[in-house]
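The following block contains the structure, expressed as structure tokens.
Chain nomenclature is as follows: A, B, C and D, assigned in order of appearance, with residue numbering initiated at 1 for each chain independently.
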Amino acid sequence: NLMKVRQKIFIPFVLLYILLAALGIYLIEPKTFKSYLTSIYWVITAIATVGFGDYVPVTDLGKVYTIFLYITGIGLLSLFIGRFINSVYLIDKMKIGGK
Amino acid sequence: NLMKVRQKIFIPFVLLYILLAALGIYLIEPKTFKSYLTSIYWVITAIATVGFGDYVPVTDLGKVYTIFLYITGIGLLSLFIGRFINSVYLIDKMKIGGK
Amino acid sequence: NLMKVRQKIFIPFVLLYILLAALGIYLIEPKTFKSYLTSIYWVITAIATVGFGDYVPVTDLGKVYTIFLYITGIGLLSLFIGRFINSVYLIDKMKIGGK
Amino acid sequence: NLMKVRQKIFIPFVLLYILLAALGIYLIEPKTFKSYLTSIYWVITAIATVGFGDYVPVTDLGKVYTIFLYITGIGLLSLFIGRFINSVYLIDKMKIGGK
């Protein structure tokens, strides 16, 4: 039951995490991140460990904030992507199994 | 049986995913991605989470598309690379085991 | 018992590893890494496999040191991030379970 | 027994893979990779999925070769780093256990 609640709130929690994390860097380094969409794109690029490097923190506070994002966000997005793959597989199974 | 079908279509599915994903970014940002091969190289570099940053999306649509690629592609390529390693090991086993 | 000791020293060990690894690159390439905070930021960005590329080793010794960091640090930070996610889940469980 | 042989040749195999992979890119793009050490550094940076982007393939052949490296190398280095972490833990156990 608790497990089900946890699973149900997982996706909204990840989305909220990304939106707030993007807001944080947008406020900390407005000169680097000129739009909120760019901030969201950068946060996801960072915690997906892609790290293109087209946008990077240049202030000390921005760098410390980025380290904090790695620790709190990389595992989270990894779980999110893992669940996405699994759910696609499960939906697929149900569709074929239901025929 | 269903599992075997799934395994059989997995490699063509990943290849099709990459070819279509590359076509998408090629059409969205023709100025950034000047050849289709470059688009394929960029898609695989992105979803393998290498992200060299030699090619990056510069438009808002391109950035949103890139986020969509992370969510749908990173898990997929990770599975693909995992299966590659396993299949190499299995072929290896059969060869030595068959002697 | 040994397992508990291992778990207890894990976080301080990772922190010490990062601080010393950052000191190493700071001493090897002072021209590239102009502050100790930048060195810490770079080490974590490298072993988290994000690799923005805003700071990179330019000397041969720096490059060899970076290879050494990959081998010793990537697995370590991956464990650290995995434990972080798990511990957040456990604390969460206890809180809700205790109600 | 076969498993033990496999484990014994794993580290030399990974080292040989890296040395040959570096030789390949060194021959394909001598203008990009001006030294063999740089080629080795680039190959490991690529297959560790760090991808700083300080060196990138610029020719079509170089890009195709890089895709081939991702598929054959990322899983391999991931196994290597995983084994490194495990072996450090085992050595550690033996040392403390032996006291």
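Convention: contacts are C-beta pairs under 8 Å (C-beta built on N, C-alpha and C of every residue); 3 or more make two chains touch, one makes a residue touch a chain.
Predicted model only: the values in this text are computed from it and were never measured.
Novice: Hey, what angle do you get rotating subunit C onto subunit D on C-alpha, to the nearest 5 degrees?
Specialist: With C-alpha atoms aligned, the rotation comes to 90 degrees.
Novice: So, comparing C-alpha centroids, which chain is the farthest one from subunit A?
Specialist: Of all the other chains, the one whose centre lies farthest from subunit A is D.
Novice: Pick from B-C, C-D or A-D: which interface has over half of its contact pairs in common with A-C?
Specialist: C-D
Novice: Is the contact between subunit B and subunit D built from the same residue numbers on each copy (over half shared) or from different ones (under half shared)?
Specialist: Different, since most residue numbers here occur in only one copy.
Novice: With centres defined as the mean C-alpha position, give me the subunit A-subunit B separation in Å.
Specialist: A distance of 20 Å separates the two centres.
Novice: Can you work out the whole-Å distance between the CA centroids of subunit B and subunit C?
Specialist: Chain centres of subunit B and subunit C, defined by C-alpha means, are spaced 28 Å apart.
Novice: Give the residues of subunit D that touch two or more other chains, as numbers and ranges in rising order.
Specialist: 49-53
Novice: Touch graph across the chains, line, ring, star, complete or other?
Specialist: Shape of the chain contacts: complete, all pairs touching.
Novice: Note which residues of subunit D are touching subunit C in the complex, please.
Specialist: Touch list, subunit D to subunit C: 35, 37-38, 40-41, 44-45, 48-54, 80-82, 84-85, 92-93, 96-97.
Novice: Would you pull the subunit A residues touching subunit D in the complex into a rising list?
Specialist: Interface residues on the subunit A side: 49, 51-53.
Novice: Can you check the complex and tell me which residues of subunit A touch subunit C?
Specialist: 2, 6, 46, 49-53, 56-57, 60, 63-64, 66-67, 70-72, 74-76, 79
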